[in-house]
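Please read through the structure below; I'll follow up with questions.
Order as written gives the chain letters A, B, C, D and E; numbering starts at 1 within each chain.
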Amino acid sequence: MTSTVETPADASRPAPSGLVAVAHAPGWVRYALLAVGLVVAAWLPNGLYPAVAVDILCWALFAVAVDLLLGFTGLMSFGHAAFWGTSAYVTGLVAIHAGLPFPLAVLAGALAAAVLAVPIGYLAVKRTGIYFAMVTLAFAQMVYYVANEWRSVTQGENGLQGVPRELFGVDLTDDYYFYYAILPIVLLGLAAAWRIVHSPFGRVLVGIRDNPARARALGYPVHRYKLTAFVLSGFIAGLGGGLFAVGHRFVSLDVLHWTTSGKAVIVVVLGGIGTLWGGVLGAGIVVRLEDWLSFSGFEAIGLVTGGIFVLVVVLFRRGVWGSAAALAHRLAARRR
Amino acid sequence: GGGGPQSGGDQKLTGDKIVLGVLNDQSGAYSELSGKNSVTAVEMAIADFTAKYGDKAVTKDISVETADHQNKPDVANSKAQEMYDRKGVDLILDVPTSSAALKVADVAKEKKKLYFNIGAATTDLTGKSCNRYTFHYAYDTYMLANGTGKTTTEQIGKNWYILYPNYAFGQDMEKSFSTAITAAGGKVVGKDGAPFPNTSGDFSTFLLKAPGLNPKPDVLGTMQAGAELVNVVKQYNEFKLRDKGVGLAVGLMFLTDIHSLTPAALAGTTYTDAWYWNFDAKNREFADRFQQKAGTRPTFAHAANYSAALQYLEAVQAAGTDDADAVVKGLEGKTVEDVFLRNGKIRAEDHRVVHDAYLAQVKPQSEVTEPWDYVKVLKTIPAAEAFRAPSADCKL
Amino acid sequence: MAGQALLSARGLTRDFRGFRAVDQVDLDVAPDSVHALVGPNGAGKTTLFNLLTGFLAPSGGRIELAGRDVTGLPPEQVARLGVARSFQITSLFPQLSAREHVALALQSPSGLGWRFWRSAKLMGRYTERADELLAMVGLLDLANAPSAALAYGRKRALELAIALALDPKVLLLDEPTAGMGLEDVDRTVELISRVREGRTVVMVEHNMSVVGRLADTVTVLQAGKVLVEGPYEQVRADERVITAYLGAADAAH
Amino acid sequence: MLRIENLSAFYGEAQVLRDVSLEVSAGEVVTLVGRNGAGKSTLLRCVMGLHPGQRGTVELDGRDITRLPAHRRARLGLGWVPDDRGSYATLTVTENLTLPPTVGPDPWSLERVYEAFPALHTRRDSAATMLSGGEQQMLALARVLRMGARLLLCDEPTEGLSPLLVQQVGDLLREAKRHGVTVLLVEQNLHFATGVADRHYLLAEGRVAEAMDNSEVRSRERELLAYLGI
Amino acid sequence: MSGFAQNTFNGLVSGAFYALLALGLAVIFGMLRVVNFAHGAFYMLGAFGAYVLLTEAGVPFWAALLIMPVGLGLLGMALERAVIHRLTRLDPLYNFLLTFGLTLILQDLVKLRYGVQSSPYATPSLLSGSVNFGLFDFPTYRVFILGFAVLLCVAVWWVLTRTRIGMVVRASTERPDLTRAFGIDVGRWVTPVFGFGIGLAGLAGVLAAPMRAVNPLMGADLIIVVFAVVVIGGLGSIFGSVAAGFGIGLVQAWGEAYLSHFPIVSQTIVFVVMAGVLLWRPAGLFGREEAPA
């Protein structure tokens, strides 16, 4: 019998469960998917406008960073723009003032993001679930205000213009070549995320997500693990943000705005929480969609993204990747 | 990848056509000020150009591309590149929001394609961020501040209290205002930077301070823009500062803002406008034509887009080619007269397009006789005075 | 007395917004003994467990483990010091297999869990030991099943295996036989009597026959206070215990 | 009045009730005995409609109420004294008492409640969870009496009460019975049980192991106590 | 001295908006465990609704003050029935995400129809004067807002603590199952409570219309500050939310007045306070501890 017991006390439940599709696909399927993914990545700027392809790469990193927390640690950060944006600014400043080759500047940016993630994470991981989301959102807004006020450094509203794309004198002004220059960094970032998820550390995170009390009883310092995950995620988001800054050759306050955090979450949920690669897919879809919409003459982009988002949350909580994986699973099961 | 083939001087037109790109905000804060109606204005310019030259026109194939940059510089960046590279755009127009405007200037420089900025106010476009392919067309912070500050001091009151949003634009405006006021013999008795963005939406702390200053300011100069301006003005009226003898001058105000706030809330307020639709018969004639197409009266941005598109086409016609360098050469130093540009001149030094500006005052509600006719022009500021001298920062 | 006790509490108190769940409890758990905590529902047994394991901070009193003050330490540190616990309500990681559970527990003291740059395959080094433990609780054939798919009694067994994997000095078991059928209860009793060798066990148990078979000492809690403490036979005959807990006071005349 | 047929209940995969069938006639007091964890409380929750994982049928006055939500069942005259006493921390004692609507023909007035339980009167403005365990138990019982419920589902109402209060609760139940109220009582205390009840069910491992009357319980007391693990 | 009094008064007026919004959030969260991201959007709809009623139907402020909260409350109830309800059994994050998506939709719908330019809304003539407080004058409208908000918060607090309605709501919140077992249809209370919370947001919006710029984005940034406010006050706590709302309004106003050389202070002070509160009392000033993790 189905009874109508509502359980608001469910606030204690750690992760959006039932979503984590980590389908155990057979090895050859995974290798085939990987190969397809690499081929698509290699071809992308030929099929899409290269600048859009560059954006997709950056957002893919951002989404994967958010999913690392949301899907694999059970923490929904609604303030990840703080890391993406901080890295963008630091990358830009380093590139402008130190004239370093861009990969080093991006690295500096990502490190700065990771450093910022320490105090914010320290405070935020004291809360879980919805509180965590609100607290990260609020702190990110604070970072936004600081960047806005710190005009002497960030150039305020005008944005940090003229971030160089320096790479030992190689001309990378063309986005087409720039795409290929950053592809290895992005793949490295994605591989790092994958490695983290599939490391002993990642196992502990999943344990913490599913049952923090149990993990503590096993001797795992849950707060410190969460904080470490938060910092790692901040670093990867920072990689994306730094590349974004170099990609656009400037940084504006938008990179720190809460709508940017929101967009990252949209990308992840659309792609599929806890799927990692879903975030990459989500980034492709959202960036491409927005690109298309801004030329379409349709005035309400939020209506479309918001609408899609609501649909996903209400009807396809597994997201694109998760739903596809589930479908493939069912088909495979039926054939057997 | 890369851009289309660069045309040499011998080739007339790339692809035998001209494509004008309107890149602006079609959904955000500036969408009514310029937005899609700027496209309409540009289409009018094309029609007028075609009608004028008929078969003698360099080409009959002139089209418009448009995109919404959502006031986001990163979107503006991608869209601008895409317009130049993929959509064959020869000239990008409009681009409000300073950060986006500056970004597109970079793109134009790199792609060596033309860019007429209309919507943005930052003087950096003709200062440290100027470049050979970028022209700043309609207005800038100096023009706004100088016009309003100087003329209001001369005509309305000498003592000022300045309230500005504490970010790049606001700080620039405050500085320019203070300079202009002092130069005109006025005095800034107090100034405050309000938090920006001001989430609480409350400016009462500052507004309450104004009447108590010594000497009491005659004018409150507010540099807030858009929704913040609306908040300031609402609260200015709430605290009845006008009744307490403190007049209002606004740094940056558009016709659409007056419409939002209603003339009743703003009666007596002074500000500088780059163009006003009901200034004279010529403007009015354009405004009537525009209204037929767009269903509303044009803002200065619409008129400026029209003018910019037209002047570009004229320049191409004159040069016989759409090669950017050739067109730039033709434009530099040119004096122009059209519905928007009065006593207009395209300065070669910094690519500032100078023209007459207007100190406007909002009419009392009782004198508003037709929709959108909200202001009277107190003074025409001659082109020579309206804009700053070419900046040393600009190296084209 | 406190000197010899492995785990001891003095004046341990815990308030929940005005409600005193554990009230001035003194407890001494002798090394190598099985110490049972019994008492009515709500007497404070689980709360006492939570205090002893650091899941709750005491409002007052102090806790010593082998002479060391562990009052207020967070649970993970208490666990590191050799105190393992099971939960009254089964508490597992639904997505992990039984073997992964045990491996996770085995890994805990090693610091391998911090290696986010290494492959999870490294955890393979624990497989052998994990399988031993699983065999011990009779779960070896189910080693690869995700814990969500285990039957309730099996989950309780897995709880035990995890706790053992920490190789604890003190094992705290909250109702280890709750929800088990009779055979399972017997098996669990037998298992506990095997693993108690060289360990100290504290358990909460409502099943008095289990208590009788295992416990050296029984502490009866009531309303947060220690009512009676002593050997099983003595405690079960105690009038106060019969009144407060066993509940057959009038019948016992 | 109450008929339960083939009731099974689960917590996740753990089955705690297995095909339980029993009946309580109007005006009867029936106890359920069984060890800790036998499933007694779960049974009451099933009757109340609060247990999500259940199979079987529950009938009240011949009407199948298996699919009715809990609040509709309460309106039919079911009153539940939960095993955890069900005190609201955010409500005062008086509010705890007046929260449920009256559902039967013979509700107690607030005055009558306070007369019967003077302790509650003195604490009437305290938050309910601030009361002592015994007082909370009184409150829980008083609450269903005030509802005027026709069928009381009492889960260990004497737990934590002093002997004096236990006697008083016995008196109350007997009085309620005289007024035609039916009671299904979960009780560990056999002595108490035989003092108020007409019949008994022994629940073991989720099954009804035996049905007994008072004399049978008294004669087998030692054996039963041993069985109950006491 | 009078300057201080004025600044304090203004702080309380800004705080009144925070308090009203936080109150609605707290009521909804307390009952449904839903953090309503769309709260700011409903605030905006309240203000916009007042504008539309006035310009398109000639409905005055006073009528709007009644119509908008009721109308939005009904909309909220429909929303609760249609979607929110389905997600309450899942992780609360889903409803947070849902209402986030909803915010984007609502903002854009208004934008599509009315554009982004702020819409005019005049102070009702009855309240357009000013009141003299001896030391200083004050716009009647502000006095009205403060009085109205305080009254409303007290009334809501009174209803939730002193009446049968409040009793049922509190009981349903604390222990829904138990409450059901006492013959109370918890589900039937949940929907109106959600509607009520939304109605409060709408009311705050109508009150804001004469004072603040009325545009589709007016609630967007505000809601984040309000989130910080409820984290400070303790998310479930009605009293805490209201107190923190007024408190933050005050602190911001003082910061603006006396630290005007550091504009960063008044913008970030709410977040700094939040960080402090998180360190000192993670559950918020008046919040309850969560169960041990």
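Assume a residue touches a chain if its C-beta (ideal position, glycine included) is under 8 Å from a C-beta of that chain, and two chains touch if they have at least 3 such contacts.
Going by UniProt, the chains are A, E = Branched-chain amino acid ABC transporter permease; C, D = ABC transporter ATP-binding protein.
Note that the structure is predicted; figures quoted are calculated from it, not measured.
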| What chain pair shows the greatest number of contacts? | A-E
| Based on CA centres, what chain would you say lies at the far end from chain A? | D
| query | Which chain has its C-alpha centre farthest away from the C-alpha centre of chain E? | reply | C
| Roughly how many whole angstrom separate the Cα centroids of chain A and chain E? | 31
| query | Can you give the whole-Å distance between the Cα centres of chain A and chain B? | reply | 38
| field | Inter-chain centre distance, chain B versus chain C - centres from mean C-alpha coordinates, in Å | value | 74
| query | Quick one: chain D and chain E, Cα centre-to-centre, how many Å? | reply | 43
| task | Pull out every residue in chain E that's touching 2 or more other chains. | result | 108, 111, 173, 177, 186, 221, 224-225, 263-264, 267, 292
| said: Quick check on chain B: which residues sit in contact with 2+ other chains? | reply: 27, 31, 166, 196-197
| request: For chain D, write out the residues touching at least two other chains, lowest number first. | output: 49-50, 69-70, 89
| remark: As the complex stands, chain D meets chain E at residues 48-50, 69-71, 73-75, 78, 80, 82, 86, 88-91, 95, 98-101, 103, 143, 147
| remark: Counting only contacts in the complex, chain A reaches chain E at residues 4-8, 10-13, 15-18, 76, 123-124, 126-131, 133-135, 137-139, 141-142, 145-146, 149, 212-213, 216, 222, 258, 262, 265-266, 269, 299-303, 305-307, 309-310, 313-314, 317
| said: With touch defined as at the start, can you tell me which chain E residues reach chain B in the complex? | reply: 3, 6-7, 10, 13-14, 17, 108, 111, 115-120, 122-123, 130, 139, 141-142, 208, 210-215, 217-218, 221-222, 224-225, 249, 252-253, 256-257, 260, 263-264, 266-267
| note | In their shared complex, chain A is touched by residues of chain B numbered 1-2, 26-27, 31, 36, 66-70, 72-75, 77-79, 81-82, 85-86, 98-100, 102-103, 106, 110, 122, 124, 129, 166-169, 171, 196-197
| said: Help me check something: in the complex, which residues belonging to chain E touch chain D? | reply: 164, 167-168, 170-171, 173-175, 177-186
